[in-house]
Amino acid sequence: MSLIAEIYIFVLAVLAGFQVIAKVPSILHTPLMSATNAIHGIILVGALVLAFSVHGTAALVIALAAVLFASINLVGGFVVTDRILAMFRSEREAGRSS
Amino acid sequence: MSLIAEIYIFVLAVLAGFQVIAKVPSILHTPLMSATNAIHGIILVGALVLAFSVHGTAALVIALAAVLFASINLVGGFVVTDRILAMFRSEREAGRSS
Amino acid sequence: MPPDSVGRLVSQGHAVTMESAAGHGAGFDDEQYQAAGAVIEQDRSAVLAGSDLLAVVNGPRNAGDWAGVPRGTVVVGLLKPFSAPVEVFEFWASGGVTALSMDALPRVSRAQSMDVLSSLSTVIGYRAAVVAAERLRKFFPLLMTAAGTIPPARVLVLGAGVAGLQAIATAHRLGAQVEAFDTRPEVREQVESLGARFLTLEVETSATQDGYATELGEEAHRQENERLREPVAWADAIITTAQIPGQRAPILITREMISGMKPGSVIIDLAAESGGNTEVTEAGRAVFYAGVEVVGAQNLASELPRDASQLYGRNLANFLQYLDQAGLAWDADHTLSLPDDDIVNRMVLVHAGQLIHTGLVKRREGGVMDVLNR
Amino acid sequence: MPPDSVGRLVSQGHAVTMESAAGHGAGFDDEQYQAAGAVIEQDRSAVLAGSDLLAVVNGPRNAGDWAGVPRGTVVVGLLKPFSAPVEVFEFWASGGVTALSMDALPRVSRAQSMDVLSSLSTVIGYRAAVVAAERLRKFFPLLMTAAGTIPPARVLVLGAGVAGLQAIATAHRLGAQVEAFDTRPEVREQVESLGARFLTLEVETSATQDGYATELGEEAHRQENERLREPVAWADAIITTAQIPGQRAPILITREMISGMKPGSVIIDLAAESGGNTEVTEAGRAVFYAGVEVVGAQNLASELPRDASQLYGRNLANFLQYLDQAGLAWDADHTLSLPDDDIVNRMVLVHAGQLIHTGLVKRREGGVMDVLNR
Amino acid sequence: MNPIAQVLYMASATLFVLGVRFLGSPASARSGNRLLAIGMLLALGTTLAFAPHYDHVVWVALVALLGSAIGVVSARRVRMTAMPQMVAFFNGLGGGAAALVAAGGWPGSSGAASWLALLTMVLGSVSFGGSIIAFLKLQEWIRVDLRMALGLRLLGLTVLAAVVAGAVYLATSGHGGIGAALGVMAAAAAGGALLTLPIGGADMPVVISLLNALTGLSAAATGFVLQNQLLIIAGTLVGASGTILTQQMSRAMHRSLMNVIWSGKAAQGEAGTAEGTVQPITHDDTAMLLRYAKKVVVVPGYGLAVARAQLEVKQVIDLLNGFGVEVLFGIHPVAGRMPGHMNVLLAEADVAYDQLWEMDRINPRFRDTDVVLVVGANDVTNPAARTQTGSPLFGMPILNVDEARHVVVLKRSMGRGFAGVDNPLYVDPKTRMLFGDAKHSLGALVRELESAQ
Amino acid sequence: MNPIAQVLYMASATLFVLGVRFLGSPASARSGNRLLAIGMLLALGTTLAFAPHYDHVVWVALVALLGSAIGVVSARRVRMTAMPQMVAFFNGLGGGAAALVAAGGWPGSSGAASWLALLTMVLGSVSFGGSIIAFLKLQEWIRVDLRMALGLRLLGLTVLAAVVAGAVYLATSGHGGIGAALGVMAAAAAGGALLTLPIGGADMPVVISLLNALTGLSAAATGFVLQNQLLIIAGTLVGASGTILTQQMSRAMHRSLMNVIWSGKAAQGEAGTAEGTVQPITHDDTAMLLRYAKKVVVVPGYGLAVARAQLEVKQVIDLLNGFGVEVLFGIHPVAGRMPGHMNVLLAEADVAYDQLWEMDRINPRFRDTDVVLVVGANDVTNPAARTQTGSPLFGMPILNVDEARHVVVLKRSMGRGFAGVDNPLYVDPKTRMLFGDAKHSLGALVRELESAQ
């Protein structure tokens, strides 16, 4: 894929990213931050591809470190987000049920 | 540019397009329709490129027809939109000034 | 009739003669009427004799009181076909006088500008609530103070016609906790629209074409009494307005029910003139029974004379104008021809030597309503 | 004092003796008090002689009335240091009685639960508005009806202390158009918070530490009269409450200003007891001047006896409890030691054989206030 | 393509996205349109500057000028009320242009390019045919007997099926010249036209919006054919946002999109433009109408009392006052069920007395009132009282709300008032009905007005 | 790359966009998170399925499992209050991972790829360094003397300048091995750490959000390096939406972003977490607090009367009731300026009498009240009345609002009440101040609550 196409994709993703967040009530700021944080665990994709194909120990160590970091970020990010949202939900549900 | 890149672009544009319109008050439906209508006057770009490069009368006539149609759409679309919005503005401004 | 209504009649080309000092009670001077274009006449009999149309507030008490009204004259006023002495009307019939009663006006939307009963009920309903607030030895509103909480007064309004609704509105404004009941089920919504609670007692009756309630049967009446027992005991102040045209007012509150009330409570009975809604009501007087003050309200409208007479006067002026436009006319020998009009037809008590109004005819025949005659 | 307050005192370990029938006016029976734990005593002098602390509503009219109160007794009540006969206090001083007056209670937040003046003013203010509505021969609210529009009554409230504010609130609720004035500028916001208009007359005075107004100078007073002329003429009903403790009430409305009012208007003067805010006020009577009814309101609180006595009783009970906690004590020979407490100190009229209260001392010396003695 | 051109294209694509975004709120709509126009100029300039050839430049210039002139003149001349058909017309031309461009490039193409070109031709032509019919119907230059609706629809679908079959054949067989292209286009246009014919006038705006989205997609498809990302983005943007807009429009009519383009309700829609029909309005339209009015009169009636919506009405007027709108209450003497009913109610909400005008005083003002908001009043606004001699209301003076420019009536249903008679006001062409409990409707108005702040 | 993989990547990119969108509203936030997780699984599955090589697969699997386990355990273990630092920690690892991936691919690359790889290394490392410091500071494992703030910042900038210079040199010179890469990364991490060190604890969430956006950008840059569109899209999405979020967060603190990361206010922010400081709150936070509460008590005072906000308060409770929240009024006997002041006021707004609870009755309930909304009341809530013997309020019974879980006070300023004394309630750690005229604040709450419907 050409660089220009990638830049197009980048620009469009910027546009989509800017629009995707309208005014968010600040109670959602933390979960939103945490969820988007989980998203860049996607770097694990890159780390995997790298790790599957590197040669040499140094490079492998670096790649494995990347895999480690990325997987912590990804999995931890989702779990944390879910915990935050669950707290949030339960409070609400309790509110409803009363 | 590869087809896959173009499809990426297409998908992202769809995402951007879906998000770009939040809930619009229905008084804006007509101007919005009219303005987006003017946007696809962008086909003029295609028509121009085509017309600049065709060979043969039949093809030229088709290309020129496309140029004609597209330019009417484009220019007329913007003028109409502006008129609608102007009416809207003036009413509002009148409202303010009273 | 306030001077401005007189002025309107004058400007429509009528000659208006007024008895001297007729406006005093409402705070209007003869001079104001003269300024409005009326002729002031010191002598009542001259007024009676010299007019084509006599606009009055109430009719005469005795048949002979207004002698000298010539044949062909129209008398318009609150003539009380259900309670004024039948002889008065018979006397008029014999004298060729035509009588139109404002209280027989049909209660339809287009007649509302002439609807004297509505106007008077408005005054009376407001007044009843104010008098209740004044008589009740308690706060109407809820107050939470440093010296404890004063609970709001509980006001019960029985009968939610025009007067009842106005009483509800006024008591609610003052902060009382208001409940109301009426046998016409459509009134629920109206009561609730004023922020009060409508009691569900499952005692219902249909309404006549004019929106008046019809009489309850024996059994239904007993039930109503039974079911009102609790709300009555609950209330600090009660305003009763239940009336059925041409009938004695229903007894809603028995002696025994009053005994069940808290001492110091107040009942304002607006139906006093047609017999009262309680067993102890005496029209025009406040009686105490078991520590409860029962006010037999009579003529409450006269307590806001200026406003009441303004309303009455405007209604009357509107009606006269309506009559005029409908085509009231006298021929050469001063015989009156009444217009054939829905509204006017319903209001005719006496015309062309006949008693016309059905209630009146019934009374002459049966004499059932004599309880109410005074 | 209502039975529940008596009950509270009893449950705190006090013995309560009551004069028989003391609660009748407010609708409480002796039985109710007995049930609450009080001892009922038929004989007043027995009550006077047998108590450490006498809680009363008003003090005696004459020095000798309550003879037989033993040395060391505390009398608590609305003892009116500015208007009750000085001899009463001198008699008590000589008898070793201690007098604490509820009307000298400082008006601070923490004392509000014992603030009898606030409680009474609340009753009086509400009542004044209700009485005004009852006396005024006009609607309070605006009404747009088929018979024309009845404009709202215009109510002017002069002096927006506790009573004035309550009157404003009540009249506003009833739908009147309310304007108010007070010389203390901070009152503006309070008046507006009730939906009424505050008049800007540029007559201002400072408030004392207790929030009472201070007297206006000669010139300021003249100005106030002048500037009130127009609003007074505008009003249908006026409620005046302007008072300055220890002074004759200021004259806000002169005869001439009353003549400028519409006939049929009403003035309820709540300052009647301290001389009245109009030139024609007579305490306890309604007088007519130039067609205007001027009600010299006296003892309006007694018109809502049950609520008023509940409030007063709770205030008093709160005060007694406060005294107890503050450390009121008698030593072996029944000599009283008063606690050294901000609030109590300000309330002492007579103690240890001395007149203490500054107002009282001044009166004994100068006798300036004798206009008000009755 | 030249990278600079690409970057410029990217910039104009960004401007398009932002422009549409701005168009979504009243305050920024005009700037939105301006952004779009700038984006368009940028795109055209880039195309002209970087075009690989400049053959036929004179012809092209002439034709483009001609087209622009036609665009300007027709857009200027058209009456305000004819705006929707004008948009339909322009939209049709846009679709046509897309189809023509694709057709021009199609002969000789193959594979994906060929498929895409045919797709574009079909989409663009359907849009062309449908839009032109929408235009003609709205201009009332053609009328359709509704009994033919089903037949037309089936025929349209058949034609389109044939078009698809033909296109597939052409794409797979891999040959076909400009003639075949024109044939496909003509048939597709006919199919679009047939499907649009039976749709009622009241529903047209929704259909135009749908066709607009379709044109957008055809432009995007052209972009694929020409490998032009700007066309892809701009077209897709219009396609996607147009789809959302279409949905919102049909939702505002309380209809589903399917229902609009297909159902029998279309027939009613047709009738809907005739006299004597009730025209509903949405909360947001009402809010906008009020917000941009100069003078508003609120006419309360018994329904306000029933709903106990006095606080909400007070809030609406406070908000409108905040926008500089002059608001008065017109109080009919017998509104409600007791004399002074409205006064009691509005006093509860602390409405200032001087905002309450009695009938005689307010009646002469309706003539220069922009919007009358009738809140749960019925009999007291019934024009039958003036005209229908047989009516039980005849002769009762009423509030002449029908003299105002717009009337919005808030009530729950077409239910009658106290007098039990129908109210011709509700079918007055300038009246709109906002159905629902008054408390709820006013609450929604408050919400809308607040979001318009 | 395999087209099927591409399409699957595209699908997961779409899921990411929609997921973030859903996360923006409370009702759909959880589904949003689920969409994201599905998108992520899809992306990982695709990657595994279509990877060109599978060398070292055992090692990779082990390490990935280890990482996941660490992620799950630490995310589960962390206390709720420590969430922000947890997010900071994860974010740092993400940045580090991006930098490492880029570093792994960098040696031997050239041209644009080299530049992009270096960019990624720098961005990722800065994010790593900053995030780890944010984590450490929030854990209170390190403390910084604020007199050093300026020095640290200048040093940080210097380091970063050097990093940029080094990176440019490496890119242009075209050589450098893994060692150089690690050097650049270490230096960049140090720079990020130095700049984050002086930022105050209260401002950390904003900084974390900023670093989060930065990590997103570094992931996107990795995507360019690896020519992986999914990385580009996902990273960019996080970068862009994170930027917007950062802006909104600093706006919610009434600060500019620049002010947050640079200004001396940071120092105050640090102090702000200490006891004795007033903590303001925004309308939307208040609305959310109320909306998700079970039991709310409204305590009105004289300020409510001054603002004449009775209608607004009524609306707030009606809305809350609609959400199933139980709302009562706690009426202090001397609230306002006359006995019964609150009663008069609330009767005007038609608040039901049985919602008004007197002091003695409501006081025992505060203990299990989630939120107390104090509207323009001051003295009647002043805990000094219970404790400070010298206070003019001492001994006055008050509403024990401080026993509730949260207290939100609506008033215009820190102004005193009638008694003229300070109110320690306002610096209670569980109290938040919503400054502004009560009518205005309540109006804003109504708006927020309505939009939360």
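When the chains are written out, they are named A, B, C, D, E and F in that same order, and each has its own residue count from 1.
As a working rule, a contact is a pair of C-beta atoms (placed from the backbone, for glycine too) under 8 Å apart; a residue touches a chain by one contact, two chains touch by 3 or more.
For clarity, every value in this text was computed on a predicted model and none was experimentally measured.
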- Neighbour overlap between subunit B and subunit C returns E, F
- Task: Go through the assembly and pull out the chains touching subunit A as well as subunit E.
- Result: B, F
- Query: In terms of residue numbering, is the interface formed by subunit C and subunit D classified as same (over half shared) or different (under half shared)?
  - Reply: same
- Between B-E and C-E, name the chain pair that shares the greater number of C-beta pairs in contact. B-E
- Note on the structure: In terms of CA centroids, furthest away from subunit D sits chain B
- Message: Nearest whole angstrom, what separates the Cα centre of subunit A from the Cα centre of subunit C?
- Response: 79
- Message: Between subunit A and subunit F, what distance separates the C-alpha centroids? Give it in angstrom.
- Response: 17
- Message: On a C-alpha centroid basis, what's the spacing between subunit C and subunit F, in Å?
- Response: 69
- Can you list the subunit A residues in contact with two or more other chains? 1, 4-6, 8-9, 12-13, 15-16, 19-20, 22
- Note on the structure: Among subunit E residues, those touching two or more other chains are 17, 21, 229, 233, 308, 333-334, 339-340, 344, 347-348, 350
- Note on the structure: For subunit D, residue numbers touching 2 or more other chains are 112-113, 118-119, 122, 141, 143, 145-148, 150, 173, 175, 195
- Touching pairs - complete list by chain label: A-B, A-E, A-F, B-E, B-F, C-D, C-E, C-F, D-E, D-F, E-F
- Task: Over in the complex, which subunit A residues touch subunit F? Could you list them?
- Result: 1, 3, 6, 9-10, 13-18, 20-54, 58-60, 62-89, 91-92, 94-98
- Query: In the complex formed with subunit E, which residues of subunit C make contact?
  - Reply: 108-110, 112-113, 118-119, 122, 125, 162, 165-166, 169, 173, 189-190, 192-195
- Message: Touching residues of subunit D toward subunit C in the complex: what are they?
- Response: 27, 112-113, 115, 118-119, 122-123, 126, 130-131, 133-134, 137-141, 143, 145-148, 150, 170, 173-175, 263-264, 303-307, 310-312, 314-315, 318
- Under the touch definition given earlier, write down the residues of subunit A that touch subunit B in their complex. 1-2, 4-6, 8-9, 12-13, 15-16, 19-20, 22
- Quick one: which bits of subunit F touch subunit A in the complex? Just the residue numbers, please. 16-17, 19-21, 23-26, 29-30, 32-33, 36-37, 40, 43-44, 47-48, 51-57, 59-60, 63-68, 70-72, 74-76, 78, 80, 83-84, 86-87, 89-91, 93-94, 96-98, 100-101, 103-105, 112, 178, 205, 208-209, 212, 215-216, 219-220, 222-224, 226-245, 248-249, 252, 282, 284-285, 287-289, 291-295, 323-326, 448, 452
